[in-house]
Amino acid sequence: MYLHVKETAFHCKPEKPDPVYAKQLQELIGGQWGEISVMLGYMFQAWNSRGPIKYRDMTFDIGTEEIGHVEMLATMVARLLERSPVEDQENAAKDSLVGAVMGGARVEDVIMAGMSPQHFIVSGGGAMPVDSQGNRWTADYIVASGNLLADFRFNVTAESQGRLQAARLYNMTDDPGVKEMLSYLIARDTMHQNQWLAAIAELEADGLDETPCPANFPRELENQEFSYKFLNHSAGTESAEGRWASGPTPDGKGNFEYVAEPPALGPVPDLGMTDPRLYGTQKVPTPPDAS
Amino acid sequence: MYLHVKETAFHCKPEKPDPVYAKQLQELIGGQWGEISVMLGYMFQAWNSRGPIKYRDMTFDIGTEEIGHVEMLATMVARLLERSPVEDQENAAKDSLVGAVMGGARVEDVIMAGMSPQHFIVSGGGAMPVDSQGNRWTADYIVASGNLLADFRFNVTAESQGRLQAARLYNMTDDPGVKEMLSYLIARDTMHQNQWLAAIAELEADGLDETPCPANFPRELENQEFSYKFLNHSAGTESAEGRWASGPTPDGKGNFEYVAEPPALGPVPDLGMTDPRLYGTQKVPTPPDAS
Amino acid sequence: MYLHVKETAFHCKPEKPDPVYAKQLQELIGGQWGEISVMLGYMFQAWNSRGPIKYRDMTFDIGTEEIGHVEMLATMVARLLERSPVEDQENAAKDSLVGAVMGGARVEDVIMAGMSPQHFIVSGGGAMPVDSQGNRWTADYIVASGNLLADFRFNVTAESQGRLQAARLYNMTDDPGVKEMLSYLIARDTMHQNQWLAAIAELEADGLDETPCPANFPRELENQEFSYKFLNHSAGTESAEGRWASGPTPDGKGNFEYVAEPPALGPVPDLGMTDPRLYGTQKVPTPPDAS
Amino acid sequence: MYLHVKETAFHCKPEKPDPVYAKQLQELIGGQWGEISVMLGYMFQAWNSRGPIKYRDMTFDIGTEEIGHVEMLATMVARLLERSPVEDQENAAKDSLVGAVMGGARVEDVIMAGMSPQHFIVSGGGAMPVDSQGNRWTADYIVASGNLLADFRFNVTAESQGRLQAARLYNMTDDPGVKEMLSYLIARDTMHQNQWLAAIAELEADGLDETPCPANFPRELENQEFSYKFLNHSAGTESAEGRWASGPTPDGKGNFEYVAEPPALGPVPDLGMTDPRLYGTQKVPTPPDAS
Amino acid sequence: MYLHVKETAFHCKPEKPDPVYAKQLQELIGGQWGEISVMLGYMFQAWNSRGPIKYRDMTFDIGTEEIGHVEMLATMVARLLERSPVEDQENAAKDSLVGAVMGGARVEDVIMAGMSPQHFIVSGGGAMPVDSQGNRWTADYIVASGNLLADFRFNVTAESQGRLQAARLYNMTDDPGVKEMLSYLIARDTMHQNQWLAAIAELEADGLDETPCPANFPRELENQEFSYKFLNHSAGTESAEGRWASGPTPDGKGNFEYVAEPPALGPVPDLGMTDPRLYGTQKVPTPPDAS
Amino acid sequence: MYLHVKETAFHCKPEKPDPVYAKQLQELIGGQWGEISVMLGYMFQAWNSRGPIKYRDMTFDIGTEEIGHVEMLATMVARLLERSPVEDQENAAKDSLVGAVMGGARVEDVIMAGMSPQHFIVSGGGAMPVDSQGNRWTADYIVASGNLLADFRFNVTAESQGRLQAARLYNMTDDPGVKEMLSYLIARDTMHQNQWLAAIAELEADGLDETPCPANFPRELENQEFSYKFLNHSAGTESAEGRWASGPTPDGKGNFEYVAEPPALGPVPDLGMTDPRLYGTQKVPTPPDAS
């Protein structure tokens, strides 16, 4: 069960409206690596979690925090789409593109500015569950596999991609209010990268899993001849220069071997027939009465 | 530029047809973590790669290998959907549900078997770019951010989820031909988990990036007061028991601090007005002639 | 069965081309609340309708009318993307951005104008089944549940959202031809809101359904202790001020009760185990040979 | 900001596992009218709300309650996918299809049962953000327009469709634990239908909006000749029998008029030319050197 | 503008209900090559058509006919989902799986039958705009490019894939009512393949376009050195055996040339730098203060 | 199995960066008719091919070639997003919008230019698997039916739409490097249109299929009364003027017949009942205790 606190987790107020930036900031709400993705992704991982309770609760805590991040970003976008404050009225045409389009300016001038037309037509000046190109958020973006190591690795990625995008957006605005909020979100991404890396270490220390994940699939059932071979698939061997090509493997269970010219081990496939009533093309013509 | 070798990378021939399993195996082709995802994902990372050449070539090698994995799986699915071989003709009704539905059995008997109806109606006995529920593959599943650390972390995840799913599917069939192929693919996932972990270590050793990723966003611009605090968002403190709650952080740059009752630091939001011509609901009624 | 009348239902001719507005107008064709949604949605409701014939025929009539609305909008978009008429040739660079991009102007000047690049590259100057951001129309937008009250309530929404968007778009153009068409469509939305509200009243008068919908689910099977309680989920009780918090309920069958601090009635979940061969993380490590 | 309460809002424990029903119950989680849709939809409406505070807070309360409903359903699905409890071990083959597939039974027997293969392969025995056919949840399902009347009408629909689906699912199981939870959810849908209907009445009483929505679009700008006409689009006039065809309109501002044979008021469209460099088909051949 | 005729274009009544087949038949309604695709696809081509009027009208005629095909199929699906007729009541458990699940049978027995759970939960016994796997129809399936030759070629495909799928479905049922309807639809697909092939011939005869399409792109601007070369991309030259490898080309403007070992003509790409404030990985480490 | 050649198939280097054009060029990568569609589409056709080996190998060759086309386009897009070369530094504000946004210009100036915000925020200056509006590529775009004639017809379309779009894009840039690459791709589309047309002729010459496709569905099972009739669905008979309305049909097996006023041959549908426990609206009210 969840409760709502009416105050926001942190400040989320721009100095002034900026509908163009509002469109870009949507990436952090409804994009592949936006806050809806981590909020819902962590929640499904927590709801399905069957491991020790500390992992489950930790995941709930961060997932619940992320709902508040969506809230902050949605509030910021809604404010970036507002009319300019009173003191800026005279500069409205410059400051507020929203004001401009509605206040007599040629519509072309505004559209050229790269705003989202849906911020007018669809949401009427509110945040949307979409990315910066208008793609609706989809649950294709999340994962909850039941295996905590596999999922925590995903979470490290999510916090890395999220911090990367927030950092890029930080450089694309001069608004101190927006920068203040992003500065906070970037710090939380720093925390969360560390948090998931620590959780991975804890999982391994608790003996719950390790590389290769999942660790309790019996190794003898895997074709171990190919478990540590680098198969070069191109002319030239520049790829032999990294530590993935020789020396001990990170899982501590083998040594990398570089195969410069890997052979194709299977024969040329030659598919058989399907039922003639599927009307597929076979090697020889099939007469109608064969079906 | 790419070349095709007519032989397959490894064996991909089932002992006998099994259209029900064919549906399930689709997950490894067109699912979120299927081979199309890694093939196209790695390729976009490589095409966009601006880092040292060894990373780019390594990524091309594995991406090109993955095209061959899609090929093996597609070939396997096509064969699982074939008619039974001659020696099994007498047992066709039992062995081959495809044969059954076309050979006089009641259609209900077959549909009940959980096959994909699209393997008949749409592909006519061939593999499809879909997952085990019939969802078409989408580029929502992949990422190429231009930042290699962020992306390699994704790749570690992809190989973990992929190996997990292949291991589950290994247990869901008794066909020795299918098991042989999966045993190979599971081994390659072991290799690739190690490969991407080694690549991350190499990136860090080369000074190209580190935690918090991206490392070259100036730390002083992030609100460092919140960079290492665990914010508990629930009653009870079970989440304080892991190494994410105290002690040095994995990035070696701070110490975790557990905040049992984090305050809401922003005020209650009170949004302003939008242009009346958007016909949004404002705090007081807007007369028609105001627009 | 359907017939096509070559004339359009109403005028749909702009005074002059405006490719930027063409992009925005796409929202009314292929957006969530665009005309394809009502056309196909009403049609599926009618095709599946098992209630009295008057409802079925009424739904067919409005659904068929909506095909003509898509036609009008598509025709309008196609014309907004045309070359300027002869008399405007000298002003082509100003009047027609389409002409501009093809007539020697810098491509940047045009793209900046916020046109849809797909109106050039994909449709070659024609309408598309997409919204104003280029998202393709999807049947996710429609509903046909077999229960007419549930569906007619959806239809009231659809006509409200549609009229809202058309009204917003009315303010975003100065073209008298476009305004004339929108003025007609807005009037039809007025009619259709009234039409569906009347149909809901008729359904209730005919005794076919009522609130709570569906009315013929036996009330004694629902946990009536919770049927009229407002469960406050936040600190503070501003939400107690509306008529949803006290007094008789709209269905005439109860009284609202405000619960300021609703308790969590279920225990803390503690999930059990899954089969070890799914390789999920359990409370204690699972050895490989357990699978 | 949000907080998590570790207890669930209500009971969500089945008597025993039932992976087949788990697949069906997914509709209430990740379907078009599932709980993710109301949870996220209401939240975006609240985050963007600029009207009187009572509406905003009421919407937050119900939205926050719905997160808890997703939690209950996800927990239920996870438990329906568990191994059977100890006392049922001897009947495992019958009771638990999960156990069956892993315990030696023929895979066909299990797949035939209509389970979701992704509950094994992808989530490893956990709930997923998908509907009963495996379609991933998408933000296409929600709306937040900035106009509260338009959106509250959507919410009435959502609670009607949701209650309808829960009622259908109630009849598709005999498990008393599942029925107990659904009985609670159905009661909450009863409350929420009433709540949104009351909120609509309050909006109208507060003078904030009314039919035709949005009410503050100037009526003189709409083509009022067509605002109350029923346009019959078929041979036969069965559709004249309802109250949508004659008498006063629900908005109290007009009278329905039935037009049995509505004329087409626009001419036959005759589109003009596009730029020859788009290579569209024109009325006469365009020579290559014209481009 | 469109009108609805209450009679259906052809018979669409099954002998008895069959909910399992209802799911499969959905492919012809909402699948990639289903009737919604041709109905909406042809309509957009017609609405956007700027060529001679005969093409536009022909396209409208076939598009309008296809709406009626969706109607027939939707009606058929709705009937396949009905309760059994009175005379079959005693055999309801056998004849009607719908009746079975509601009449006391174990739910497992029914789900095993391969029905769509959404035919119960979502549509309540009606057709849906989905394919046989439950994927919602999407406008991704259609095309209207403004170039009639390019689009008519698509239409030939659509009628081929559609006839292929109808033929497969014809073999998957024994119901004479279903077969009667499919027999009609298959005949119409025969007509429509011929119709589009005739339309292509007419386009070419009218001098409006030809191969290579679009014909009025100036040939001298294309790199004609590569216009008729077959580039073999594999070891072995089995692909040299077809008429695509030698002899005159179908456009009558060249001769095929087989290149057994095509060289890579571009150099190894070596990408340059991006702005450091995008935090991409460059060839050498970028210090934080560089951004 | 596949191998990567480090050189690109052809040149793919622009004269200078142009991020606005980069967005448009995305259509050829991740659009409906972009190179990912042909690459993956042809590959699935080849992997599933059961016909004579020459068709399979030819399809592999062209599919493999197309991977290289994606590579060229992705490389081009990445370069269009780079910083300007050193010699152009002084003109950076004019030449490079990327440089502009990062080099002190107001962000609005850049966004107005119609760039993709995701080229900054998501890919960090790299190509993406999306179209020119930012829609992610989806496998909805491809087909592999098992019937080669049906699929080769699709391929002719794909090469026509692809050539059309490349020709349009050719006219939208002045960059000689971009034009050189497009000139090559347009030539390859010429080849591939011819190649698939030749393959269709070969299929027919080999007796493997013909019109109506699939040819081996027994003609006597189709309702041949309707196989060659043109059914006019509108007032007026302009559609009678083409060769689709009279004369011999392209399949050489019949003669077109024009039916100016086709009758509706089915009765008005009157659907029966569904189970009352689905709570659908029936012709008369259903009391709660009936369920």
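So that you can tell them apart, the chains are marked A, B, C, D, E and F in the order they are listed, and the count of residues begins at 1 in each.
Rule of thumb we're sticking to: contacts are C-beta pairs under 8 Å (C-beta built on N, C-alpha and C of every residue); 3 or more make two chains touch, one makes a residue touch a chain.
All values derive from a computational prediction rather than experimental measurement.
Undergrad: So which chains are sitting against chain A and chain E at once?
TA: B, C, D, F
Undergrad: How many links in the shortest chain of touching chains run from chain A to chain D?
TA: Steps on the shortest route: 1.
Undergrad: Copies chain B and chain E touch; is their interface built from the same residue numbers (over half shared) or different ones?
TA: different
Undergrad: Farthest chain from chain D, comparing Cα centres?
TA: It is F whose centre lies farthest from that of chain D.
Undergrad: Using C-alpha centroids, which chain lies at the maximum separation from chain B?
TA: C
Undergrad: As a quick test, compute the distance in whole Å between the mean CA positions of chain E and chain F.
TA: Taking the average C-alpha coordinate of chain E and of chain F, the gap between them is 12 Å.
Undergrad: Which integer distance in Å separates the CA centroid of chain A from that of chain F?
TA: The computed centroid separation for chain A versus chain F comes out at 27 Å.
Undergrad: Where does chain B touch two or more other chains at once, residue-wise?
TA: Counting only residues that touch two or more other chains, chain B contributes 1-9, 32, 48, 50, 53, 55, 57, 60-61, 64, 75, 78, 102, 112-114, 120, 122, 124-126, 130, 133-136, 138, 140, 145-147, 149, 164, 167-168, 171, 214, 217, 233-234, 236, 264, 271-274, 277-280, 291.
Undergrad: Take each protein chain as a node, join two nodes whenever their chains touch, and name the resulting shape: line, ring, star, complete or other.
TA: Drawn as a graph, the chains make a fully connected set, so complete.
Undergrad: In the complex of these two chains, what residues of chain A are touching chain F?
TA: It is residues 20-21, 23-24, 27, 31-32, 112-114, 131-135, 164-165, 168-169, 171-174, 233-236, 264, 270-274, 276, 278-283, 285-291 of chain A that touch chain F.
Undergrad: Spell out the part of chain C that touches chain E in their complex, as residue ranges.
TA: 1-9, 30, 36, 40, 43-44, 47-48, 50, 57, 60-61, 63-64, 67-68, 70-71, 74-75, 78, 122-130, 136-140, 142, 144-147
Undergrad: Residues of chain B touching chain E in their complex?
TA: Touching chain E: residues 1-6, 48-53, 55, 101-102, 107-108, 111-118, 120-122, 124, 130, 133-136, 145-149, 203, 206-209, 214-219 of chain B.
Undergrad: Which stretch or stretches of chain C touch chain D in the complex?
TA: Chain C reaches chain D through residues 5-12, 32-33, 53-58, 60-62, 64-65, 72, 75, 78-79, 81-83, 85, 98-99, 102, 120, 124-126, 138, 140-141, 143, 145, 147, 149-150, 153-154, 156-157, 160-161, 163-164, 167, 170, 180, 183-184, 186-191, 193-199, 201-202, 205, 211-214, 217, 221-234, 236, 238-239, 241-245, 249-251, 254, 256, 262, 264-269, 271-275, 277-280.
Undergrad: Can you name the residues of chain E that touch chain A in the complex?
TA: Residues 164, 167-168, 171, 277-279, 291.
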